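In what comes next, chain A is part of two complexes: it sits with chain B in the first one and with chain C in the second one.
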Partner chain A sequence: MNFVTGYCRLNEDFCAVNGEVISRRHIDSEDSWFKQIYKEQEFVYPKFYKMDLLSQAGFLGAELIKRGNLRVASSYPDDEIAMIFANGSSSTDTDIRFLRSYEGNSSPSPSLFVYTLPNIVLGEIAILNKWYGENMFAILPNFEPGFFINYLNITKAGGSKAALCGWLEILEGKVDVFLFFVEENEETGTPLNAENLTSLFNQKPSIN
Partner chain B sequence: MDILKEDLKRQIIEQLNLEDITPEDISDDNLLFNEEGLNLDSIDALELIVLLEKYHGIQVTNPDEGKVAFRSINSMAEYIRKRKS
Partner chain C sequence: MSYIGAEVIISPLGDTAEENWNALAQNRSGISFVEGAGYAGEGMYLAKMLALNTTRRFENLLVQALTKVSALIDSQIITSTRTIVIISSTKGALDTNIKDQFAGPAAALTQRFKLANQPITVSNACISGVLAINTAGKLVEAGIYEHAIVIGCDVISDFVVNGFQSLFAVSDKPCAPFDNARNGITLGEGCGAVVLSTSKDVFKEAPFQLLAGASANDANHISGPSRTGEGLFRSVNKTLISNKIDTAEIDFICAHGTATIYNDEMESIAFDRLSMSDIPLSSLKGYFGHTLGAAGLIETATSIQMMRNSELVKSLGYSEKGTSKPLNVITVNEKRRLSAVLKTASGFGGGNASLVIRSI
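== the complex of A and B ==
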């Protein structure tokens, strides 16, 4: 049986890990919201600054889940952690930024261009963690627990023992991100089923 | 102080989003693509080409020229001066 053993929720106003708010957006800050979290949590990964918002969200979610669950980084060989991500708007947010980067006779930005695919975030997380397991990024109308549950079974059949899953919806200022880590037989977690996933997705986090 | 080199450092930081780095951190002879230098990658190389066109009106059309020009701040400045002379 599969269990959710860590999760991170991120929207326009707060970032929560395992149900507890760890960061709130400061409206008057000069830094972007994701940069505020990066600095507050004292991450050191300069490549973060070059990433698009989708990859920044994936980086933050994955790293924060790892901090809350040390097994993520230490208990699995590099090919046993799968990644299963989805969203509704693909890379549209970055596509728009890329389009704007060469309006008015400016040169297109190569560093933005490389992020004009949604699955680049998977590559960023895989490179950072040296995870070489199965991965996929689906475009779906809404957060759909059944998709993750079904695809987890497929990756499990292929030899994966754990998976980082994520709903990463980012478009023109709207942020709706939910990352969760799934492991087999770790009964300290929440049993993985559609009802529990929906409940974690909609959970109102507590303030620590 | 060489104004062109100082400008280049600021432009590189802005164009490449090197937010943790200040112009003072970049010495004129740092190898830009070396781990002991700025550790830039292939996408950064494309951004340097954009930078030269955007700020200095120079188009790099010969890849071999870029390879030499982008070694360091010194070589970039030298390349710009040569192209403008």
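== the complex of A and C ==
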């Protein structure tokens, strides 16, 4: 049986880990919202500054889940954690930025172009963690627990023992991100089913 | 067990798998010089569907593909609640509406064909197609659905052309996979489809068996291949082991072979590590160009055509060894019965995926 053993929720206003707010957006900050979190949480990974917003969100969610669940980084061989991500608008936010880079007479930006694929965030998390496991990025109209549950089943049958799952919807200022880690037989977690996933997705976090 | 068949190919070489096969058997390429294409309007080689001069090209190709699929199977499964449609694409309808690349076309397909389940879109760069077929096969094998229709499609846009040009990744000649003089990709467009089913009887023409495989990330670089071929090595290794297949059973490798210096070199290293260097291998990019999210579908469908016709077609554009590790690149068409074929793909984001098609 599968259990959710860590999760991170990130929207335009707050970032919460396992149901507790760890950061709130300061509207008057000079830094972008994701950079505020990065600095507040004292992450040190300079590549973060080169990433697009989708990859930054994936980085923050994955790293914050790891801090709250030490098994993520230590209990699995390098190819047994699958990554199953989805969203509604693919890499459109960065696509628009790349399109703007060559409007007029300017040259298309190669550093933006490489982020015009939604699965790049999977590559970034894989590189950081040296994870050689299975990857999937799907485009769905809405957050759909059934997709994750079905895909987890077929991935487990293929030998993956755990999975980092994510819904990462980022478009023109809108932020709706939910990452969760799934393990077998870790009964301290929340049993993985559609009802529980929906309620974790919709959960109002408490302020610590 | 999952059966695979009802393959459809829509490309510059033709609108059906048979038309495409006939062109391939004559070693005809879909690549041509397109005047005015490119960021500076300098003209460039593309595998472009010149006759597809419509708006909503992505959606139109999806509709064409599903229409053709329905003629090759028991058409009742299209609307069945036990059927899932999986779309594979990198940029979808970006050229029509950058803010609605996938949802609109998927909804149009659902409405037009009265699909019972909402389609899933797989968007994992250049491994999308192989990953989508593997997903379909596993969903069917697990009994989550009985049938899955997989459609891969990408169309050429200024966006994609400008992007690959900005990376200096585009060849100034028709692409030459694995050749010593290769210098980049030729972009292509098109659509491919296959059907996966637990039932042999839904196919009008005899199907094959899909041995669904694993994906693996290189964990190395977001836009460059691994120097050691680690992800491709792991993907193929897992695919063979999980399906209890020995490398000696593989008659042909339909490789990814984009014709960039580093990708093809990486593949040669991975196949060397897998002790698969002697197996006849080709890249179909010399015929279709690089069709991105459609590539896995078009190339798997072509591999099935090779199996049906018991013929290997030469790897177009190849003449001289161009990788540090040897490969058995096919240089002349050859009649040969094919029992098992390996299809691989590698792409941006460090993804690698593989599958095996076997004769029944």
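As a working rule, the second predicted complex is superposed on the first by the 208 of 208 C-alpha atoms of A that agree within 3 Å, B and C clash if a C-alpha of one lies under 4 Å from a C-alpha of the other, contacts with A are read in each partner's own complex, and residues count from 1 in each chain.
Quick note on the criterion: contacts are C-beta pairs under 8 Å (C-beta built on N, C-alpha and C of every residue); 3 or more make two chains touch, one makes a residue touch a chain.
All of these numbers come straight from a predicted model, not from anything done at the bench.
Novice: Of the two partners chain B and chain C, indicate the one touching more residues belonging to chain A.
Specialist: Between chain B and chain C, the winner on chain A residue contacts is C.
Novice: Kindly classify A:109 by the partners it touches after superposition: chain B alone (first), chain C alone (second), both, or neither?
Specialist: both
Novice: Pick one for A:79: touches chain B only (first), chain C only (second), both, or neither.
Specialist: second
Novice: A:118 in the overlay: touching chain B, chain C, both, or neither? Say first, second, both or neither.
Specialist: second
Novice: Considering only touches as defined above, state whether A:127 meets chain B (first), chain C (second), both or neither.
Specialist: A:127 sits against chain C, while chain B stays out of touch.
Novice: By the touch definition at the top of the document, which applies to A:49: first (chain B), second (chain C), both, or neither?
Specialist: First partner only, chain B.
Novice: Using the superposition on chain A described above, determine whether A:135 touches chain B (first), chain C (second), both, or neither.
Specialist: Touch status of A:135: second partner only.
Novice: Go through the superposed model and pick first if A:95 touches only chain B, second if only chain C, both, or neither.
Specialist: It touches chain C, and chain B stays clear.
Novice: After the superposition on A, what does A:154 contact: first (chain B), second (chain C), both or neither?
Specialist: second
Novice: Taking the stated contact definition, name every residue in chain A that is touched by chain B in one complex and by chain C in the other, in rising order.
Specialist: Comparing the two interfaces on chain A, one with chain B and one with chain C, the shared residues are 107, 109-110, 114.
Novice: Within their complex, state which residues of chain B touch chain A.
Specialist: For this pair, the touching residues of chain B are 16-21, 43-44, 46-47, 50, 53-54.
Novice: Sort out for me which residues of chain A touch chain B in the complex.
Specialist: Where chain A meets chain B, its residues are 46, 49-50, 106-107, 109-111, 114.
Novice: Help me check something: in the complex, which residues belonging to chain C touch chain A?
Specialist: 39, 90-92, 94, 98-99, 101-103, 106-107, 118, 120-125, 131, 135, 138-139, 141-142, 144, 159, 162-167, 214-223, 230-231, 234, 238, 242, 348-351
Novice: Quick check on the complex: what are the chain A residues that touch chain C?
Specialist: Residue positions touching the partner: 78-79, 83, 88-90, 92, 95-96, 98-99, 102, 107-110, 113-120, 122-124, 126-127, 129-141, 147, 150-151, 153-154, 157-159, 171.
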